[in-house]
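Order of writing sets the chain letters: A, B, C, D, E and F. Residues in each chain are counted from 1.
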Amino acid sequence: MSKDEINALVIGRFQPFHKGHLEVIKAIARDCDSVTIGIGSAQFSHTLDNPFTAGERHLMISRAFKEEGLDNYFLVPIVDVNRYAVWVAHVVSLVPPFKAIYSNNPLTRRLFTEAGYEVRGAPLFNREAYSGTEIRRRMVAGEEWEYLVPKATVKVIEEIGGLGRMRDLSSGASPLRYSNEPAEGSWEDH
Amino acid sequence: MSKDEINALVIGRFQPFHKGHLEVIKAIARDCDSVTIGIGSAQFSHTLDNPFTAGERHLMISRAFKEEGLDNYFLVPIVDVNRYAVWVAHVVSLVPPFKAIYSNNPLTRRLFTEAGYEVRGAPLFNREAYSGTEIRRRMVAGEEWEYLVPKATVKVIEEIGGLGRMRDLSSGASPLRYSNEPAEGSWEDH
Amino acid sequence: MSKDEINALVIGRFQPFHKGHLEVIKAIARDCDSVTIGIGSAQFSHTLDNPFTAGERHLMISRAFKEEGLDNYFLVPIVDVNRYAVWVAHVVSLVPPFKAIYSNNPLTRRLFTEAGYEVRGAPLFNREAYSGTEIRRRMVAGEEWEYLVPKATVKVIEEIGGLGRMRDLSSGASPLRYSNEPAEGSWEDH
Amino acid sequence: MSKDEINALVIGRFQPFHKGHLEVIKAIARDCDSVTIGIGSAQFSHTLDNPFTAGERHLMISRAFKEEGLDNYFLVPIVDVNRYAVWVAHVVSLVPPFKAIYSNNPLTRRLFTEAGYEVRGAPLFNREAYSGTEIRRRMVAGEEWEYLVPKATVKVIEEIGGLGRMRDLSSGASPLRYSNEPAEGSWEDH
Amino acid sequence: MSKDEINALVIGRFQPFHKGHLEVIKAIARDCDSVTIGIGSAQFSHTLDNPFTAGERHLMISRAFKEEGLDNYFLVPIVDVNRYAVWVAHVVSLVPPFKAIYSNNPLTRRLFTEAGYEVRGAPLFNREAYSGTEIRRRMVAGEEWEYLVPKATVKVIEEIGGLGRMRDLSSGASPLRYSNEPAEGSWEDH
Amino acid sequence: MSKDEINALVIGRFQPFHKGHLEVIKAIARDCDSVTIGIGSAQFSHTLDNPFTAGERHLMISRAFKEEGLDNYFLVPIVDVNRYAVWVAHVVSLVPPFKAIYSNNPLTRRLFTEAGYEVRGAPLFNREAYSGTEIRRRMVAGEEWEYLVPKATVKVIEEIGGLGRMRDLSSGASPLRYSNEPAEGSWEDH
């Protein structure tokens, strides 16, 4: 990446990393010299909406890219900040310099536009087929989900015991806040 | 403000500052030597419930007071703290010394009473007409809202492109948490 | 507690401490050399779900144990952390070394199991009768609640004016975020 | 302040607000339509280097401006953030929109220049005479200091018992960290 | 503890808990109905000045009191907050209600006096003999230190491998900030 | 990386990334299947000890590895946490699963050993020649430094204007705390 090269930024949560994510990033990588992938909400794990740690998601994506022969990328975990007004500056400090951000999210688009960045629409993919929410639902329900994600994602989830973790998450209350309805036989929140 | 003078505290979010707010503060200012206005939830902006930054709200209020010839006031942004047990001490450290707080909020009243402050009922105003929630709804819906706020508020929102920001906010997912339903065409949360 | 002694950990919010809690801890204390009780969500107070401070809950439990002649315990407030991935390390650093944790909460069980701790099922008690949610509802509604908690809990709530606090909490908006529907006559959030 | 008006930003700690500060701000106010004064390190108080709360400093400055007939200003407390990379965005979100920042601090100059703001050199004043460090030293030592600050500053310090507070600060260890050498007779840190 | 009973508060770091601490607390316990001991800087451990976790210090103190037959006490870890202006409210929310605080630290005395609490001088003890700083120095240097602390402290430090930890601490750089001079052979900070 | 493969962890600040760092990592990469490099103190930038953002350091390292043909690595920014007791859990959640950590820092070694990880000594390199402190000193002093770092580091520092930034850093006070001695002509801290 020289000064004339284009590094593009995309941000997602990747809970887990699926084939729709992969398609989008491959399309961007064809247009740009390199792609920076921000792993959003990096601080979360072990919840039903955010089952996997930033490190586990890092591994899913790295391996999937290796399978695809994709190597012109930067992979950066990004923890949330609680103030939109500083969010762009926060992201910018964590990732290598970039020329454009790809996003279809109106607020992301607005915040980066206000900050003077070029914002491009993200390539479309089959969102009916590929959805993190649906994949997580299938994992908990015991339905097929493996064909919706790269092999690397299947392998990482297998190695870390991810299905067992999600089953636990789907059956119980939060140990931190104790504010959900507790599972049968639990006394902690009562 | 000498030791015998009365400085009164009122706290609001002012998203945005409207004529109901102005009426209340003018009434308090007639009874007291000075009024301290706390701009609550100062850390929030760029959300549908909290579209404007603390600095933008500061400007709305300052200019409206100038239009009204009101000058015996202190204007102080107050970020939230996550613990009620230290909230009064937090507020007290940020604002000039005050003799009384005006509030109709039972918890605010209780917390300041427990801390030994004089708590007074806030003057009533026409809450049917003036409501931040309703004004924000009108701004997004493209209905009339300008007559509900001081001219200063209209001017600030115009200068900062506030209506465009709110339209963006009403159409998209949060870039920070990626946990809402995303807008059409967005892939980040999938 | 020597190296061969068993110190057991249990965690709850104790809002307030009731007879179900007491039964469970007494049962554990019979099986172990000592019990460490973690007072969870220690940073919260003055909300409907978390009315009492960590210090007030500490006092309820200490006195109830004195009434019962129970003295082989450690009582430790534990504030929430926002990341499950570090929660076990956080708890472990705050409490005396322990050999086992008693919990029926699946996620708590999983997190501590992954960290290499022995996890045991918590003894059962009559959850129909004893429930913090139900007791708080009764306190607000003016119904009988005293027979559901140890005498020590009644006395502490009386000394700190706990019923008055809960009545206030049930009638008003949050002073911190101003995002709930405000109480009649309140203007702060409008 | 219309779109063509110049609002200028200056930031200081004002521990306490002295005549050098006042001279600089008056000079800027002559050149611009309005001045925003950021009260830096707003979260600190009760230390030897930062004896006064943000609210107390707010009062010193407001009153001094009233004595001077200065009214085209905005006064905004700014708490520190621990990351320079987001500091400009943090400041910008708290203050009314501004056209230029006055600073002689090279890093402040650089950070705001990188962010696209006009940076101007702050007017010079007699730094031999006016220095917060020297004034605080004099206050603790019982030497003359009043002639170095506006009357408003003297009055506020008197009303809040500021000299007594500083004498305490100069004689003892920190209650928070217990890591300084404790005062004679103190046992807490031993 | 009824409404007429006196609960007294004392705060220390107890790194480690030594005989001077014990003497002071025993003296206070003779004058009052109960004593609340705040374990300050509870978040620190594994540094030369703060080698032991809050949980380890909790255990030292509890056992020492059991050896002494002292049972009218409350033991509460207190994490630091970074603002003196809210420190008293923070402490008050974590500990059972108290009537007086014993301290010889001028700032602690001032902060609690300003907040309306009765502040009493802590009993004197032989500070030449008993000092946490000196005891930690002896532990690292391999000199005698055991006679300066209660047997319970010796036992806890033995059980947790505390001497080994302190030797490590005395030989190396911080893993978190990497800003100290590194130990011989370390490359991380270079 | 399968279950039998060895992923190794090393952590540094890399301010900036130099040839000594590169030698160590290459040596580890020869012994293991992959290396995870943690970029420590990721939140810092724009100070004399920490001039470069995490994103800038990320770019230096990525490019240097590309120059070397090294591709079996994971690169992960790690922000500091203020408590050693949770530091290992924090790191573990951010990085891909690893089998061993290479470190010569005694505390890092101890913390990871206590947590059950295999800790290996980091390979030695010529620390006389390669030192971040010395390189930063040379950059500020205008002496030769380029031969001490990979070409990629030189290029990144050139692209981001790193030398200009460091000259600014070496001449001025902190804009955040205003507690250092200010530069000539600065008034902010006086």
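Note that in this section a residue touches a chain if its C-beta (ideal position, glycine included) is under 8 Å from a C-beta of that chain, and two chains touch if they have at least 3 such contacts.
Treat the numbers as computed from the prediction; the structure is a model and nothing was measured.
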Rotation in the CA alignment of subunit C with subunit F, degrees, nearest 5: 180
Separation of subunit C from subunit D, taking each centre as the mean of its C-alpha atoms, in whole Å: 43
Computed distance of Cα centres, subunit F from subunit E, in Å: 35
Touching two or more other chains - residue numbers and ranges from subunit B: 45, 53, 81, 83, 85, 92-93
Chains grouped in pairs wherever the two touch, ordered by label: A-B, A-C, A-D, A-F, B-C, B-D, B-E, C-E, C-F, D-E, D-F, E-F
Subunit C-facing residues of subunit F, complex: 81, 83, 85-86, 88-90, 92-93, 116
Touching residues (chain side subunit C, partner subunit A) in the complex: 10-13, 20-21, 24, 40-41, 49, 80-85, 87, 103-111, 121-122, 124-125, 127, 130-133
Interfacial residue positions of subunit A with respect to subunit C in the complex: 43-47, 53, 164-165, 168-169, 171-179, 182-183, 185-190
Subunit C partner contacts - residues on subunit E that touch it in the complex: 1, 3, 42, 45, 53-56, 58-59, 62-63, 71, 74-77, 79, 92-97, 159-160
